[in-house]
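Letters A, B, C and D name the chains as they come in the text, with residue numbers starting at 1 for each one.
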C-alpha cells in the first residue's frame, strides 16, 4: 500500500488481529488503536469491518481532533474516546476496547474488581475501577468524547495513575485498556479478562473472600515492575 | 444439483453450517431456514441430519402451508413454526433455532433476559422476551404451528416490533431468531447466546445489578440503527 | 490384526476415540464397551491406556463372567460393571463411562437432574437418576460388580425402564450411559453432559425454576420416539 | 546445543510446552522444573519467556542454593521455591506452577478443596490443602524461599505425605504440583484444575454437598495406588 503511515497501520492491524486470536471479541465487538505522539496522529480499526476480512490498508489515520488524515473507511464508533485519551495521556502508545465476557459482566454488575490474588497484583496494585453510569446530559451530548473525559476524571478522583493501572471498566459497557504500545494494550485486555474470571469464580466459591493483603500486593508488583524487579529478562 | 431453488438452498445450507461453526449446536439440535417471499416458499434443513454430512441438495423446499415443493428428505420437525412466522412477518428473510447453552438456560429459567449493558443495547432496546409455557390444549394440538402463533402473539401483547427485536426465547425450550436473511438470523443467534451468558454472569456477580438506563439504551441503539447511525460502513 | 472379534473391537475402538473427540474425557478418565449378545462376549478399553496411543488391537474381549477371551492388556477397572449390565439388560449394545465435568458435578451433588426443558425431554421423560452412596459392605466387597447391581436395582426401585432412560449418575462418582450400540452410548454421554450443564445454569439463573410440565415432556418425547414420531428420516 | 544437561533440559522443555498445550497457562504465567537429585541440580524455565518462542537451550540449570550452573537467561522468579522443595523432598523429580483458572479461584477463596468424589479420590485421599497467607515478615524477606518453607511446613502440620498428596494451593496465589518427574507434575496440575472445577460446580448445584465417605476414598485410592492395585497396565 502507498501510505505515509505504513508502520503504524501495520502495528494497529496486528494488534486488532491478536485481539481476535485471543478470543476477546466476536464479530466486530472491539477495536484497537496505535498512536504516533510526535506526529499527533493515531491509527484505528475501521467501524463494523469483520476481522476475517480486515487488511492493514483498511486502518484509518486520524488526528486528536478526530479529523481523518488518511483512509477511505469510517473509523471505529469509539474513535473519540481513543482521541481524548491520547490527547490527555501523552505517554501511552496504544488502546484496546473489547466486549469480552467476564470484563463486561463486571462492568454490567457495576462493581470494581477486587484485588484477590497475585495474578492481579503482578499487573496492578489497586482494584480495577468501574465507572458509574454517565449522566443523561453527557450521554445525549458528545457521547464517545465524554467517555474519554469520564475515564480521565475517574483516575483523577481515585488518585490512581494510568501508568500503573492500565485498564478500566466503563459501567454497563465494557473494558478499555492501554499500554506503551498497541500490543501491550491487547495484552492488558487479556490479563483483565483473566483476572475478571478468576475474581468471579473466587466470589462464587467464597462470597466472603478477603482482599489480598498489602504486603503481598506490594511484593508481587515490585518484583515485576519495581526498581529491583527480578521478573523477566 | 438440478433444482429451481439452487440459490435459496445454498443460502440455507451455508447458514446451517455457520450455526455449527459458531458452536451453537451439537448433533442435530438446531435448524435454519431461508425464504423467498415473492415465490411464497422457503428452504429448511432436513430433520435429524448431522451437520457433518449435510449437503446443499439435502435442503427441503416448502410453501407456507407446509407442502413439500422439492426435496426427498423430511423437513425439520420445527418446520411449521418457521412457516407460520414467514406467513405473518412478510419482511423477514431467514429464521434460526438452536439449543445453545445460555439461551436455553434462560428459557428454562422462564425469565426475560434483562437489558444490562451496551452489548445488548447495540442490538435491541428491550429485554429479550421469554414466552410462558403453552397451554396443554395447544401442546396436544398442532404443536409447532402453535409455537409460531405463540411467538407472534407474544410480540403483539408486549407491543414490541419483530423488526427491532429479532429474537425470542420459548419458555422451557430455547431460542428462535430471525433477520433480513438466513445469515442475519444466525448472527442474531450468536448475539443472543453472548448476551445471555453476559447477563447470567452479571447476576452471579451482583444479584441486584440494575437495568441499563434509558438514555444509554437509546444512545447505543440509535448510533447503530437510527437515522443518523454512525456505526459500520 | 488377527482376531475373531475384529468388527467388535473396531466398533469399541471408534466409540472410545469419539468420547475423546467430544471433549468428555481427559487422560484415561473414561471407557466404552460394545457387546455381542449372541456370543455372550463384549469388547472394552484396556485400563489406563491414553487415547493418543490406543489402537483397535489393544481392545480386550471378555465374557460376562469377566474372563478374558482375547487381548494382552488388562481391561478397564470398571469392566465388572459393564459385564453385569450386559448380563441383565440383554437388549443393550454398548456402554460408556466418563468423568465429564457437569455430569460429575451433579453426581457429587447427589441430586437427580430435574427435567427442565425440551432438550432433556427429547431424550427421556424422567429426571436423570443419581444413586445414593453404596453401603460400606458393598464398597469393600466386589465393588465394580456391586456398582452394576446398584444401577439395575435403582431402575427397578424407581420403576423406570433402561430402554427409555439410557443414563444414570453414580453418586460421588460419575455417569454411565448405554444404548443400542457403543456409538449411541457415547451420544448419550454427550447429551447427558449437555443437559447437566443446562440444568446447572438454569438453577443459577432461577433457583426456583419449575420442572417441565407433563404435556410438554410427553409431546417432545413422542415426536422423537413415539409410534407416530416425525423427527429424523 | 552443547550442554552437559541436554536430557534434563529436554525433559524440562517438553513439560513446560505440555503445560501450555493443556491450556493451564497464558503468556508466561507458569513454570516447570525437572531435577537430577544425584547431581544436585535442576532445570527450570527462564523468567518471562513466552512458550511460543521457548527453546530447549533456553532452559536454565541451577543447584539447590540457586546458583546458576548453566544458562544465559535469568531463571523463573519462583526458582527458590523449587530449590527448597527439591532440597527437602529428595524423592520428587519435577515441579509445576500455574495460574490455572479454577485452581487460582480456590486459592483466592482461601479454602481447602473438599474431596467430593472419585475423580479426586483416584489421585489423593485428603482435601487439597490451601495455605494461609504468609506473615508480613516472611513476605518482605526471602519471599520465594519462604514459600518453599510454607509448603513443607504445611505438610508437616497437617500430617500428610507429599508422596500421596502431590499438590498444594498457595493462598491468594495459585497451585504448585510435583511428582516422580516433570511430566507427572504437569499431569497433576491438570488433575488439580479438573478437580477444582468439579468441586466449584458441585457447591454451586448443592451448597451442602457432603464429603466423599471414607470407604469410597480408600477403595478408589487403593485400586489405583495400593498394594493390590488393578488400575492401569
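The rule is simple: contacts are C-beta pairs under 8 Å (C-beta built on N, C-alpha and C of every residue); 3 or more make two chains touch, one makes a residue touch a chain.
Model, not experiment: these values are computed from the prediction.
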item: Farthest-lying chain, centroid of Cα atoms versus that of subunit B; value: D
item: Numbering shared by both copies at the subunit D-subunit C contact, with half separating same from different; value: different
item: Cα-centroid distance, subunit A relative to subunit C, in whole angstrom; value: 47
item: Computed distance of Cα centres, subunit C from subunit B, in Å; value: 33
item: In subunit A, residues with contacts to at least two other chains; value: 204
item: Each pair of chains that touches, named by its two labels; value: A-B, A-D, B-C, C-D
item: Footprint of subunit D on subunit A - complex, ascending; value: 116-119, 187, 190-191, 194, 197-199, 201-202, 204-206, 209-210, 212-213, 215-216, 219, 223-224, 230-233
item: Contact footprint of subunit B on subunit A as seen in their complex; value: 26-29, 46-49, 73-74, 77, 99, 101-102, 104-111, 133-134, 136, 139-140, 143, 172-174, 200, 203-204
